[in-house]
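Please find the structures below.
After this come two complexes, each holding chain A, first together with chain B and then together with chain C.
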Partner chain A sequence: MSSTSQKHKDFVAEPMGEKSVMALAGIGEVLGKRLEEKGFDKAYVVLGQFLVLRKDEELFREWLKDTCGANTKQQGDCYSCLREWCDSFL
Partner chain B sequence: MPVFVEDPAQFSKERLKSELIAHNVALPPPESKKHAYVELYLKHVKTNSTDFSSDEEEDHLNGSAEKEEAAEMVDLGLLTDDQLKAKLLQYGVKAGPILASTRFLYEKKLKRLLDSSAQHKINGTADAGLYSDSEEEDDEEQDSDEEQDSESEQLLSETKPRTETSKTASRIENRFSPQFKQTESERWTGLRAAQTDLTRLDKDTMTSKSLCLTSPSSRQKQTIREPASDVLSEMFPDAERTPTGIFATKRRSIKGAAGRPVQFKYPELPLLSPTILERQEIQQRLVPLWVQVIVFLMVVCLLYIIYSCMDEQLSSPFTALLDGLHESALTCISSFTGA
Partner chain C sequence: MAMLSSKSNEDIRLMLDDYGIKHGPVVDSTRALYEKKLREAIAKSKKPQPQSDRTYYREEEDVTYIHHRRPQQYGDVSDRTWTDYRAMDYVDEPVVYRTQSSYRNISRSTPAEPQTQKTPENSSTRLVPIWLQILVFVIVSALLYLVFINMEPAGPVKRLT
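This part shows the complex of A and B:
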């Protein structure tokens, strides 16, 4: 039963629009930078990847790990953040 | 241990020594350098590559598995998107679009699935004693995907699976509490009884173990492990069966702790015992109660009056005793006064 962070709550509260990828829960400066280098400069691009993977947790986590080197906690935070956003807005 | 990277130069000297001894090769003098051992090892391995000695059999099998895996890996890269998708579907994985960004992930997933199934095949031909190892490896690999498989593990009492089954037992508990939303011990034991009935029915086929803990690939494991589980049943013939071999009853949650609702063992109705019911009934009749008391007192007084007005004394032990005492006192006094 983990509680959600403030970042998570802020992200899930409204449509992401043009928010940067660092607005995602679990993605800080370092990881955000790496994602941007790979071309995922906006949160909606990561969302695109999440949706293409059919919102599958395992695949998305693995993709995050491979792409920006996120650890288990960061993967989990990002995944739950996106999933909850999708539940509300998609 | 199977050797996957057969680079003798990477082996330690001790390892090379033991390998040579195992293959009955004369050891070089003890002070010789490592590469002498390596050469001998290579020579021996080359000469034995076509033989099927008992020592080499496992290595050969593993080597063939390696080749299988290498072939598969090459193929994975050559598969078209559709073929990759079809292969994943074979393993029950419904893949999304195979794009540039997703292809690598799906290839990795397929490779993992192929590895685990290859492991199954190898260990199917090897000794039964190796099953525990293969089970653990499979569990580690498929942990995220197939929790259900690990939960439907066998009734073996081997040391390592024990620790895993204790984990799975706790997982079972966690699974059941949200699913059934009941913390009453009666229903928990009833559920276990239902499970055990099912296990008894399906003991031979071992296809379905419990209400919600089955999956197709677990059947393979279960049929393989059939002979081993009977030992346990022989040892403990009276014990009920559970999928994991662990018997645990759910602890009744602490009343009102951590926001849990207070649940009584019995439903509310029997709590109203007859005395409480009587009291409630009596409380409902406040006015008649006083009336009853007054009537009772009146009756008592009436009876006393009647008793006192009666000529004849009602025989009772006390009155008889009193009369006796009275008479004896009277005779004593008369005797004194007379004498």
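This part shows the complex of A and C:
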């Protein structure tokens, strides 16, 4: 959690616009595909879910795990990526 | 347990509050997550109940142990406290535990009466059968009588005057 990936830095640097869900930190091809199948095809849709879960870490992690099977690290990366984006732009 | 999926979003929300589950709005995309959390909470709340009953019975066992010591010294009071205990809601199992603890208790707190170890469970309402109590009383009074008889020269007669 202390060191953030390049993907994370790129994402939180600017408004997400129409970026794909795979632009999110922690979400690669496999997880991205699963999310798209469930209807979460854009990053902002996942953002919407993040917000509806009140930006709660525990709930979001659990939802991500249930929806696409993300492991603990992937959950954490995606959560902190979205949280930091919200801190800057929401 | 009613099907969670047939409940309205509002009902799910109320149930989440009942179980103290932190949550956001119950909408289509969050519904599945919250239903899962509710199922876990319901299953969890059902499981510990038999265990907590067991701990209660353990306490019951300890409590009956303590209660039993005192009434051993006072004859009739013990019967009253026992009937009070039996009147409690948890009828069957405490009786079992009680007889076990009383069995143990009798062997510990009344070492002078080894005969009581054999027959506490046979008696219907009493721990120590009445005939045994009378027998002990007769024996003790006979012993005291013998002591008094042998004391004649020193004189209970003298004491009376």
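Convention: the second predicted complex is superposed on the first by the 89 of 90 C-alpha atoms of A that agree within 3 Å, B and C clash if a C-alpha of one lies under 4 Å from a C-alpha of the other, contacts with A are read in each partner's own complex, and residues count from 1 in each chain.
Note that contacts are C-beta pairs under 8 Å (C-beta built on N, C-alpha and C of every residue); 3 or more make two chains touch, one makes a residue touch a chain.
Because the structure is predicted, anything quoted here is derived from the model rather than measured.
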Room on chain A for both chain B and chain C (clash or fit): clash
Which superposed partner A:49 touches (first chain B, second chain C, both, neither): both
Partner chain in contact with A:59 - chain B first, chain C second, else both or neither: both
Location of chain C clashes with chain B - one stretch out of 8-16, 62-70 or 80-88: 8-16
Residues of chain A that lie at the interface with chain B and also at the interface with chain C: 49, 52-54, 56, 58-59, 62-63, 66
Residues of chain C that touch chain A when the two form their complex: 22-25, 27, 29-30, 32-33, 36-37
Chain B contact footprint on chain A (complex, rising order): 49, 52-54, 56, 58-59, 62-63, 66
Touching residues (chain side chain A, partner chain C) in the complex: 48-49, 52-54, 56, 58-59, 62-63, 66
Contact footprint of chain A on chain B as seen in their complex: 94-97, 99, 101-102, 104-106, 108-109, 144-145
